[in-house]
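We call the chains A, B, C, D and E, going by the order they appear; numbering starts again at 1 in every chain.
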Amino acid sequence: MTPTLHILLAICLAPALALVLLLIPSRARSLREALAVVAATANLGLVATTFGQQSRIELPWLGTSFDLSLRVYHTASFVTTAAAGFGLLVTLYSLPFMRKHSAHGAHYALMLLSLGMANGAVFSNNLLLLLFFWEGLLGTTYGMIAIGHAGAFKTATKALIISGITDLCLMLGIALVWAQAHTLTMTNLRLPLEGMAPAAFVLLMIGAISKGGSMPFHSWIPDAAVDAPTPFMAFLPASIEKLLGIYLLSRLALDLFELTPQSWLSTLMMVVGSVTILLAVLMALIQKDYKRLLSFHAVSQVGYMILGIGTAVPIGIVGGLFHMINHAMYKSCLFLTGGAVERQAGSTDLASLGGIGRKMPITFACFIVAAASISGVPPFNGFFSKELVYDGALERGTIFYLVAVAGSFLTAASFLKLGHAAFLGPRDKKNDGVREAPGAMLFPMLVIAGFCIFFGVNNAFPIDQLIVPMLPEHLIAEARSAGTHFSGWPSNPTLVAMTAAALLGALINHGFGVKLYGSGLHAADHIHDSPGLRWVYDRAERRWFDPYELFMRGSAYFAQAANKIDRANDWLVVGLGRLAQFASRGVRAAHTGNTSAYIVWSLIAATFIVIYLGQ
Amino acid sequence: MTEPSLILAAILIPSLGALLLPLIGAASKRARNAIAALLVLGALAANVALMPSVFGSSQIVEASLVGLRLVADRLAVFVGATSSLISLIIVIYSFDYIEHYDHQNEYYLMVVLFLGSMMGLVFSGNLILLFIFWELTAIASWRLIGYFRKESDVLRANKAFLVTVFGALLMLLGFVMLWSATGSFDLAEIKSHLSGSPISDVALVLILVGILSKSATLPFHTWLPDAGVAPSPVTSLLHAAVLVKIGVYVFARLFVVNFAYSNFGHTLVLVLAAASALVSAGAALIETDLKRIIAYSTVSQIAFIFLGLASGTTIGITGALLYILMHGLAKGGLFLCAGIVEHQTHTKDITRLGGLRHQMPITALSFLLCALSVMGVPPLGGFFSKAMVIMGAADAGRPWIAATFVVGAIFTILYLFRVFNRVFLGESASGAHPREGSRTMVGSVAALTVLSLVAGVAINWPGKLAELAVTQMLGVVK
Amino acid sequence: MSGELITLYVTAIVLVAVTGLYYLLVTTSLIRAVIGLELVTKSITLGLILAGRLTGKVGLGQALAITLIVVEVVVLVVAVGLILLAHRHTNKVDTRDLRSIKG
Amino acid sequence: MNDAIVEIAMLVTFVLMALWAVLATKLLRAVVALAATSVLVTLLLFRLDSPLAAVFELSVCAGLVSAIFLGAITLTQPENEAEVAVSAKERIRRYWYLPPLLLLLGVALLQVALPDVPTTAAAADDVRKVLWTSRHLDLLGQITVLVAGAFGVIVLFKEARKNER
Amino acid sequence: MLTLFVLVPLLVLLLLNISWRALPRIVPQAAVLVLGFADVVFGLALPTLPVNSEIPVLSELHFGLVADDLTRVFLVSIGLVICAAAFVNQESMTTERAHRNFCSLLLVSLIGMNGAVLLSDFFSLYVFLEVTAIASFILIAIERGIFAVEGAFRYLLLSAVAAMFMLTGVGLMVFTIGDTTFSAVHESLTIANGSPLLLKMAVGIFIIGLFIKGGLVPFHGWLPGAYSSAPPGVSVLLAGIVTKVSGIYALVRIAQDVLVSDPSLSMILLVAGSASIVVGAIAAIGQSDLKRMLAYSSISQVGYIVIALGAGTELGIVAATFHLFNHAIFKSLLFVDSASVESRLGTTDMGKMGGIGAKMPWTGTTTGIAMLSAAGIPPFSGFWSKLLIVLALWKAGREGFAILAVVASVLTLGYFMVMQHRAFFGKPSTQLDSVKEASAGYVVPAVVFALITVLTGVFFPLLKDSPLSFLLLNKGLSW
């Protein structure tokens, strides 16, 4: 199969099959499901086989200045394979979950479309083509959230508006890049950071991190967690969007722009990363709903990746990228467990759950593995990527490192609270009937949990084989010359000690909270009620700090002002007509009908003419 | 059929044919409808027939009407084909829409005459001929806006007519200034006479007033939302596809192809366009009448086209030409959907509408897709034109103007989704259970939506045409 | 013809013309207005003949005067006819009745 | 020298007759005053060697015009004595400032010194020849005017029939 | 040969009135139509006719008549408007007697106008203008209504004042150069040692008289009253051609032959013209009576003609003549339409008309065409003449007046919009259901004039260079 056909199939096969799936009548549900699984596996197969190939395709697309240029290379293959993998697993997972759902076909079709779009975005070598696929995801996200339940379209619109705004910033960024370099082919773009470039970098960064779901563009994810179907949460916000967002961020930092540790942009990225880590995890701590808690963690983990790449130091970057793939794994696994709990126990509200660990042992086991990975407990993958990020952050500034560690401490605390409240503790009578989730749902959880363990214990494979080749040569050479080795046990023992201390602290805090309030659910209330945070938390719950609400209120004021200008303009135009009417009344009044008056007018005018002629 | 006779055919078939419609209409309604569609199809066919020779080689076809020169270059054929295509769909749509209203003969006469004068304007190479067809469209749109003959409708029609005529007269003064400077009204002669030196700022401003009043940009835009009272095929014809495009086309014909103009002119147009985009987008966010919202949206989108044209960069102008096509298709679709909604529920007030998704699925889907195209969301065509226009602006060294227009685009998303959610999603309004529109109406809406989608996915075909047109316009003839 | 005499003639003509015009403007009776008109015509006839006399074109002056007199008589007849019509409607010949066409 | 005085007297009485026509309280007297002015114009015309015009003026203006006015006055039965008294006071209020205005204007005009004009022999061109040779068009005009006048009489003067009242 | 234009109507007039009883009703009507049509045909074909060949019997009579392009335009316009007036009169004149007198008076005004247009002497111009004026007084008052009398009497008084100015002018001419023909005055004005000041004053005073007769703004008091109170046929005649011949023809003649491009005259014409345009348009906006609004519109349009003359260039005169011809056509068309509306509804008050466009389609369409032509909207003839006026003014360096002329046509469109909105374009009210389309007498002239407007408008660019350009358009015009 020629490389061109290979890559085109990778992009177009999934969407084509999605359209076919839509044509199948809704009665034949099993046929649809089968087609979905086949399509997902085919997609995985196609993408996986692109590993190791290096090729570029130029097709005429939009006039002379923009051609459909696609590029197959290591990073693209790695990211798309990961995405395809998660796609397949979530498809399997949603077979039982979505069987009874009304928009059954639409869910699978949109999922396959999203896969196609994601492949397209990653393989494209032209920024405009990337934007084409990037914004395509806008429509599919809107669709998948909107089919959640009748009122879900509000959240869907919110998601669409937020990503729409940031995608437009991305478009503006691309426009500035075009203005600076007059080409959009990514391979030959290498912009120094002067003139328009910093503005372009910031705008492109906004596009990337908003897709990744970091602050301040995060506020649709917690709402979607409640409204959208769980497979969507496991599929897009948890894995695909993180992969795409951080992929683009890494391409920006590494290839398109010459980002150096000294430039203010890298500090900006680090600040954004650390702020996201801290605020999101604080919010996660106080959540009372299983999926909302997980969604806030999704937002906070992205902070680590942005911090990692923001350090612009090889070790930090490798840490960020490694964290990207690790997070995709354990976050989707956690959401899957959440889905299982929701399907089996009927609700995700922690107050009504409790003690179902014994009833759903496998789910509980997967939960433990995933929770441990996210908290950065040593043998699992989360620990290693976080250590690398800590190392990079420490190198650039201790404040970032401290925030990162505090983030881990709070993450661990919140997951202890979640695990205790949901799975351990006294079981309510109504949960007695709870049985273990069906096999099709358990299998993806187990696979991902397995990978978490594998990537943790044998981290040399992912780092050396997958992540390091993503870096440009000069960074690799710099790292090798400095003798740092990324894989294996972290070199800096103090970091490890600090992490262990943070985890122990979380455990003690949880024990203290449980003893204080008697149940796992309220284990973190003492933090919730502490004087300073109390006021902030109340406001946050009422969406005061939600940038989306602020923006909407601002736009309402702007609309009022614009409307006033419009009405004033209209009044002016109509006013001219009224002025003419008024003048006409004046002129008509002058015609009194008195003949001698008319004669007098004529005589006066005659004298003027005669005098004028006289000169 | 030699090329010159093709141009004359494109103009005369609809114009003169329209005059016969009332007579045929007296005989039989169906014959009149069919002939009206045939006349518009004739114009479209002539345009398409011109395409191979004009786009194939770089020669410009010339003819003469009443002793004045006609010119068919790539820009003319591109805009002509777009307008006649969209008008054809609108005429077919209006078969069912106008069914049970009176004055139908006058309606079809004016619509086809409107298209005829649009063709004349597109191909005219002489300023006076251009002005004649410009005013002919003003007359036709006056009669069409006042079609329902209600007191408020006629007043609005008068307002629209007076504002456009006022602008046109100032433009005529601008033409007279050019005439007194160069001694002729013929575009080619003026261009050779000026030979590159920019035209005086006063003449520029005068001509701009005419163009801005016709294409409803900020200071003169208030007549466009008011013209929403017209029957919806007319509003879609006027607002989306053809009338407002006239102003933009003439701007391209005068200021991009033939005359150079000072930097002051560039900044003036860009600032006015930016202001118009923002103000009308804001106003659309407040409005509660369905058609007025879409009309304000047109005012805002036209500003984008001006942004592309006035940026002066190749990519900006190509984007503007694409924008004319994409916006025509998408906005035409939006208005026809609004027409179906109004036709079935007899109300345009979005506060009293809701949950129509269940009763009118196809219309809802078409509305969503057309709205996405107007917003510039891929895979629909609108994305490319918006991206290229903004890139054109940035390339012309005006990042802040580009940023303002991005804010405008953001507001486009806001108000279009506000309308979509309020009308089609949410709980259905009390008591009303409207049925789906009639077959031809929904068919034409679906046609426009599919065209937008196809234009988006297969962008290289329209993209190629626009590219060729721009190279010819800027004199870099390949 | 001595200079002083010519000025006398011109003064007389102007005075009579002004009187006639004044009469036309100020009176409220239609008939008096027409009389004013006649006065002005007389002064102009005299003026024409004087102009003819001064430039030796007496014949031309007389020809013009004769035609003028004929034309003015017919105008007078029509004016009186209109006055009678007005009288038939309003039973009095008052200019204030003929002021209803306004605006 | 003596004929100059006669002319001056004629001019002065001409102006006075005009003034009388304006100030006359009774309409009849005004018409008589008008006829008088017409007679004086005739005399002045004789002085200016244009006899034909003078005769025309006398017969048409003095005669025909006065006849028409008298007819108009009788047809319209103007106000009786009581109304004349009332309107007399009002007329004074309106016209009192005409005589001083004329005086002022006359004095101003008299200051203007016009140059002497040598009058050539009067009989240079005979009016009949002039009228006939160079003014044919005016004759034609006069005929048309008279025809128009005839129609005027037919249309305006005819007694309104019963239905038109 | 030219004298036939005046002699033949005179003879026909006398014949008609001799044997009155015997003639059936339509003979006078037919006579007027034939003479009017003759005017048009001979006007068009004038250059081909043997102009100065003598008539056998009246060989020694020479009336000093002369004809050039300007005269031909007027002859055609006079002929057309007379026919239209005759048509309208046939429908609207009630009593038998009024009808017969109307035709005779129509012939009188035809003679007066034909004569005025052909002569070349100031005093005879005064005589023939008085002929037309007298005919108009009688025509206005022909139906003996009190309003008609008031209109006629006011017109008479103002016309008398105009006559005074003209005669003083003639008197001064006789005093200065002893001759009153155009050519004589022109020579003495142009030769160096003449005393041009007094002569220029004489011509100036004569022109004031013409301003009054033409109804320009400070002198226009009589015009609205005369037009609106006259019977329908008469208002067509007056508005169509009488005011223009008696006022504007002489101005154009003087501007062309006597005071050629004289700066002070140009300034007077410009000021008077622009005043008329603005005041006429503004006054017309608020009118509620249709005929009165059309009267003010006439003042405004005549203002356009005079402002074109004010340009003082060859192109200016061409533009003025062409606009005059167009205005004659679409103004009489508008008055014919108002007559047909009046015949059906019995009133010209626009408040009571409410959307009769639907009921009277022909009248509605022709009014629409005339209105758009008056406002200078392209496809119709009015646009070309307004364009010529603007070009002439711009070429003559009078940009300010050109801008005023252009912007004022928005006012023109404004008051016509008011008319359309209240009378034709709205929704027909219930009591108008019985209204049918006007009778043939109204519709035929209306359609003919509408056709002329449209054809002149559409084919003007071709007309410009064709030999048929009797509208003397081929002078100094490039585009």
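As a convention for this text, a residue touches a chain if its C-beta (ideal position, glycine included) is under 8 Å from a C-beta of that chain, and two chains touch if they have at least 3 such contacts.
Note that the structure is predicted; figures quoted are calculated from it, not measured.
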| said: Give me the set of chains touching chain C intersected with the set touching chain E. | reply: A, D
| request: Point out which chain occupies the most central position, where each centre is the mean of Cα atoms. | output: B
| note | Ranking chain pairs by contacts puts first C-D
| request: Compute the distance, rounded to whole Å, between the mean C-alpha positions of chain D and chain E. | output: 33
| Rounded to the nearest whole Å, what is the centre-to-centre distance of chain A and chain E, using the mean of the C-alpha atoms as each centre? | 79
| query | Using the average of all C-alpha atoms in each chain as its centre, how far is it in Å between chain A and chain C? | reply | 99
| message | What's the distance between the Cα centroids of chain B and chain C, rounded to whole Å? | response | 67
| remark: The positions of chain A in contact with two or more other chains are 577, 588, 591, 593, 595, 599, 603
| query | Can you list the chain B residues in contact with two or more other chains? | reply | 162
| field | Sites on chain C at which at least two other chains make contact | value | 24, 26, 52, 54, 56-57, 60-61, 64, 67, 71, 74, 78, 81-83, 85, 88, 98-101, 103
| Contact pairs between chains, per stated definition | A-B, A-C, A-E, B-E, C-D, C-E, D-E
| note | In the complex, the residues of chain E that touch chain A are 153-154, 157-158, 161, 165, 197, 200-201, 204-205, 207-208, 211-212, 218-219, 221-222, 224-225, 264, 267-268, 279, 282-287, 411, 414
| message | Considering only the defined contacts, which chain A positions touch chain C in the complex? | response | 588-589, 591-596, 599-600, 603
| request: Spell out the residues on chain B that touch chain A in their complex, using ranges where they run on. | output: 159, 162-163, 218-223, 278-283, 285-287, 314-315, 318, 372, 375-379, 383-384, 386-387, 390-391, 393-395, 397, 399, 402-403, 406, 409-411, 413-414, 417, 421, 425-426, 459-460, 463-464, 466-467
| note | chain D residues touching chain C in their complex are 4, 7-8, 11-12, 14-15, 18-19, 21-22, 27, 30-31, 34, 37-38, 41, 44-45, 48-50, 52-53, 56-57, 60-61, 64-65, 68-69, 71-73, 75-76, 78, 94-95, 98, 101-102, 105-106, 109-110, 112-117, 119-120, 122, 124-127, 129-131, 134-135, 138, 141-142, 145-146, 148-149, 152-153, 155-157, 160
| chain E touches which residues of chain C in the complex? | 17, 24, 30, 33, 37, 40, 44, 47-48, 51-52, 54-57, 60-61, 64, 67-68, 71-72, 74-75, 78-79, 81-83, 85-86, 88-90, 98-101, 103
